[in-house]
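Two complexes follow with chain A in common, the first pairing it with chain B and the second with chain C.
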Partner chain A sequence: MEHFLQELWIARWALAQGLLLTVEISAAAILCGSLIGLLAGIGLTYGKWLLRLPIRALVDCIRGIPVLVLILASFYLLTFAGINLTAVQSGLFALSIFCGAHMGEIIRGALQSIPATQIDAGRAIGLTFPRILVYVLLPQAMRQIMPVWVNTGAELVKASTLLSVIGTGELLLRTQEIVGRNFMTLEFYALCGFLYFLINSVIERLGKFASRRFALQ
Partner chain B sequence: MTLLAIRGLTKNFGPVEILKGVDLEVNKGEVVSIIGASGSGKTTLLRCVNLLEDFNGGEIILDGVAIGYTGEGHARRRLGERELARQRAMTGMVFQSFNLFPHLTALGNVMLGLTKVRHMAKREAQQLAMSWLARVGLDDRAAHLPGQLSGGQQQRVAIARALAMDPKLVLLDEITSALDPELVGEVLNTIKLLAKEGTTMLIVTHEMRFARDVAHRTIFMDGGLIAEQGPSAGLFRNPKNARLKEFLKRANM
Partner chain C sequence: MGYTFQFGVIEANFDHFLYGLALGLALAFAAILVGTFIGLLCAFATMAKAPLPSRLVGIYVSAIRNTPLLVIILFVYFALPQAGIRLGKLESFVFSLAIYAGAYLTEVFRAGLAGVPRGVIDAGRAIGLTGFQLALYVISPIMWRNCLPALGTTFISLFKDTSLAAVIAIPELTYQARKLNTETFRVAEAWATASVLYLATCLLIAAGLRQLERRFPKF
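Showing the complex of A and B:
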């Protein structure tokens, strides 16, 4: 135990950095992804077919590709398009579009479940469509989106471990490096797992709190 | 003074002609009811007036302004979203299925248009909304969500929501059809009160006695046209149109 604590003390900065990067990348990807998903979801639900078609194609493509492949592709393939991203940037890009595609589909489902009569009611009091979206449709959709959103957030944190393959110094890669130095495989992987669990339980708490805010009654 | 003038209004859903050239005038302060069988075009007519449906021909003039479209012939085109929204705010509409916003309280439902369309300050909007809820007898339910209210109460909130916007014309689309029989009375009483105060209303209804008692004039629609119209009392007593006679007989009038 003393030995472990000693090694932990030595590795503290590396672990903290990894943890911080994991949290940062996940948070940024959830934020960007949700924004992309919001636009995609609105486009898929209320757009004319000319808008719907390309969004539908993109969303289906991205959802059909494994996250690991998305990450590798954005790291190695974007270079050919003349876009040079760092490992962190391409990881963030891959996770954001992954999250965006899923959120798009979730938001479309939630919006489509709201009866069209709600739009009529909004129009009847003189609201323009963008305002109907903001004040009538999205608040109702949020109730359905919240639980799934929390899930997607947790999935994203777990998916961020895959960024270790392109050399992003997030929590898993840092742990691997530490274990490579001190060979305390069991202890440090257990700690790593516990930290992921901790992040996700915080996300779940936040989600429950937010769900209550959007709940009826 | 003519508030609403509809001239030669036509509307198709694909190949089906719903309105085949409707002409109708409604004066300020007048209460006009529209009766007729399902599919005769009553609701579509109302939705056209509130610009919830586009229409193919003819014009709707509200308070001297042709609404919904600009230009004529090939140049005729639908107005933009902002302009449509502005014109829709001139009419209030109450729906058969209430269509309250389920995530907002009764007060929130009435306030939304006041703050976001009429740009009133929150306090002012709240006061006006409360006074309208009081007029429909629901000020003690202001903090309730629609799901916690009975059908009749929900419909009264919907009436307050529409009236609080101070519309020139109020459109009521079968507002008691989705209510249990014992709840119909409270809603109709609210409308009677509004009629007494001189609110201009166009009412699509299946409540024949209500149409006869409250409306100054009644319109009978049949197959997308106005088949007969006249002062309510006379129209119900001596219907001339054969279809209207049969329609009233089936409605036990």
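Showing the complex of A and C:
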């Protein structure tokens, strides 16, 4: 135990850096992904078929490919399109489109469950469609989106571990490096798992709090 | 650009890709089999009147669901041997995926159980079935039907998760694509093929599940 604490003290900055990068990447991916998802969801629900078809195809493609393959493919393939990104950036890109596709489906589901009469009512009082969306539909959809959104956030934190494969120095890769030095596999992998558990527990708590706020009074 | 596509390499190595795909499916199947067992056990345990089983199941589910699968895989493969538990590559991966799947399936089955109408259970009691008979003949069939869509989604996502086996060098589809990528530098072809194969398999499974759902209509 004393040996472990000693090694932990030596590794403290590496772990802290990894933890920070994990949180940063996850937060950025959730933000970008939610934005993409919002656009995709609105397009899927209210778009004409010419808009709906390509979005549907893209969303289904992304959802049918494992995240690891998405990450590796965007790491290797984006350079062909003339886009030179670092490992962190291409990983972020992959996580964002992954999150975007899932959020798109979630938001579509939530929007479709709102009765069409709500749109009619909005029209009747003279609102334009963007206003109906912002003031009438999205607030109601939020109630359904919120719990699932939090779940997606936790999934994304977990998916960020896959960036270790393309050499992004997030928590898991840092742990692997530390283990590579001191061979204390059991202790440090357990610690790593525990740290992820902590992050996700915090997200879960926040989610419970948020869904209570958005619940019907 | 200056890149010319050469699918000849893919063609020559296509059997490797197919082998990888089959291995991935087999791993997913083995994991969901064990995972279903764990999930059923845990879900029925939460129905018990004593509070302890529910508490334990709750801890298991939230611990596993909040830990990344990759960490679980690496822990089982690299860290458990330090504690004296030494598993082969395939066994350790199936074990990791199974306990991961078990946590998700527990939730799925629990939701399915919650959807079994109270009246049906009472009716079963009324004709004198024992607890075990009740679970087997009355609750289970309805629960399975309730779970079918969520079960399908879980199976598809488990199949996609088998791509993580590449990290501990199990020669499944992602591993094959990576290998071809580094051996021949046909980057675009390798990843495009792997992606299309994954996508096609997922769509096929999804279509099959839709058929299954149609075959067994909801009560």
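We adopt the following convention: the second predicted complex is superposed on the first by the 217 of 217 C-alpha atoms of A that agree within 3 Å, B and C clash if a C-alpha of one lies under 4 Å from a C-alpha of the other, contacts with A are read in each partner's own complex, and residues count from 1 in each chain.
Assume contacts are C-beta pairs under 8 Å (C-beta built on N, C-alpha and C of every residue); 3 or more make two chains touch, one makes a residue touch a chain.
Everything numeric here is computed off the predicted structure, so don't read it as measured data.
Student: Can A:Ser201 be said to touch chain B (first), chain C (second), both, or neither?
Tutor: Second partner only.
Student: Just chain B (first), just chain C (second), both, or neither: which does A:Gln118 touch?
Tutor: So A:Gln118 only meets chain B here.
Student: For the three-chain arrangement built by superposition, which of chain B and chain C touches the greater number of chain A residues?
Tutor: Answer, by number of touched residues of chain A: C.
Student: Between chain B (first) and chain C (second), which does A:Met1 come into contact with in this model arrangement: first, second, both, or neither?
Tutor: Neither partner.
Student: In the overlay, answer first, second, both or neither for which of chain B and chain C A:Arg143 touches.
Tutor: Touch status of A:Arg143: first partner only.
Student: One more residue to check, A:Thr128. First (chain B), second (chain C), both or neither?
Tutor: Only chain B; A:Thr128 stays clear of chain C.
Student: On the A-aligned overlay, A:Leu50 touches which partner chain: chain B = first, chain C = second, or both, or neither?
Tutor: In the superposition, A:Leu50 contacts neither chain B nor chain C.
Student: Would you tell me the residues on chain A in contact with chain B in one complex that are also in contact with chain C in the other?
Tutor: Residues common to the chain A contacts of chain C and of chain B do not exist here, since the sets are disjoint.
Student: Under the definition above, what is the set of chain A residues touching chain C in their complex?
Tutor: Against chain C, the touching part of chain A is residues 60-61, 63-69, 72-73, 76-77, 80, 82, 154, 157-162, 164-165, 172, 176, 179, 185-186, 189-190, 192-193, 196-197, 200-201, 204.
Student: Chain B touches which residues of chain A in the complex?
Tutor: Where chain A meets chain B, its residues are 117-118, 120-129, 131, 135-136, 139-140, 143, 214, 216-217.
Student: Quick one: which bits of chain C touch chain A in the complex? Just the residue numbers, please.
Tutor: Residues in contact with chain A: 1, 3, 62-63, 65-72, 74-75, 78-83, 160-164, 166-167, 174, 177-178, 181, 187-188, 191, 194-195, 198-199, 202-203.
Student: Under the stated contact criterion, what part of chain B meets chain A in this complex?
Tutor: Those in contact with chain A are residues 50-52, 81-82, 84-86, 88-89, 91-93, 95, 97, 99-103, 112-113, 116-117, 145, 147-148, 161-162, 165.
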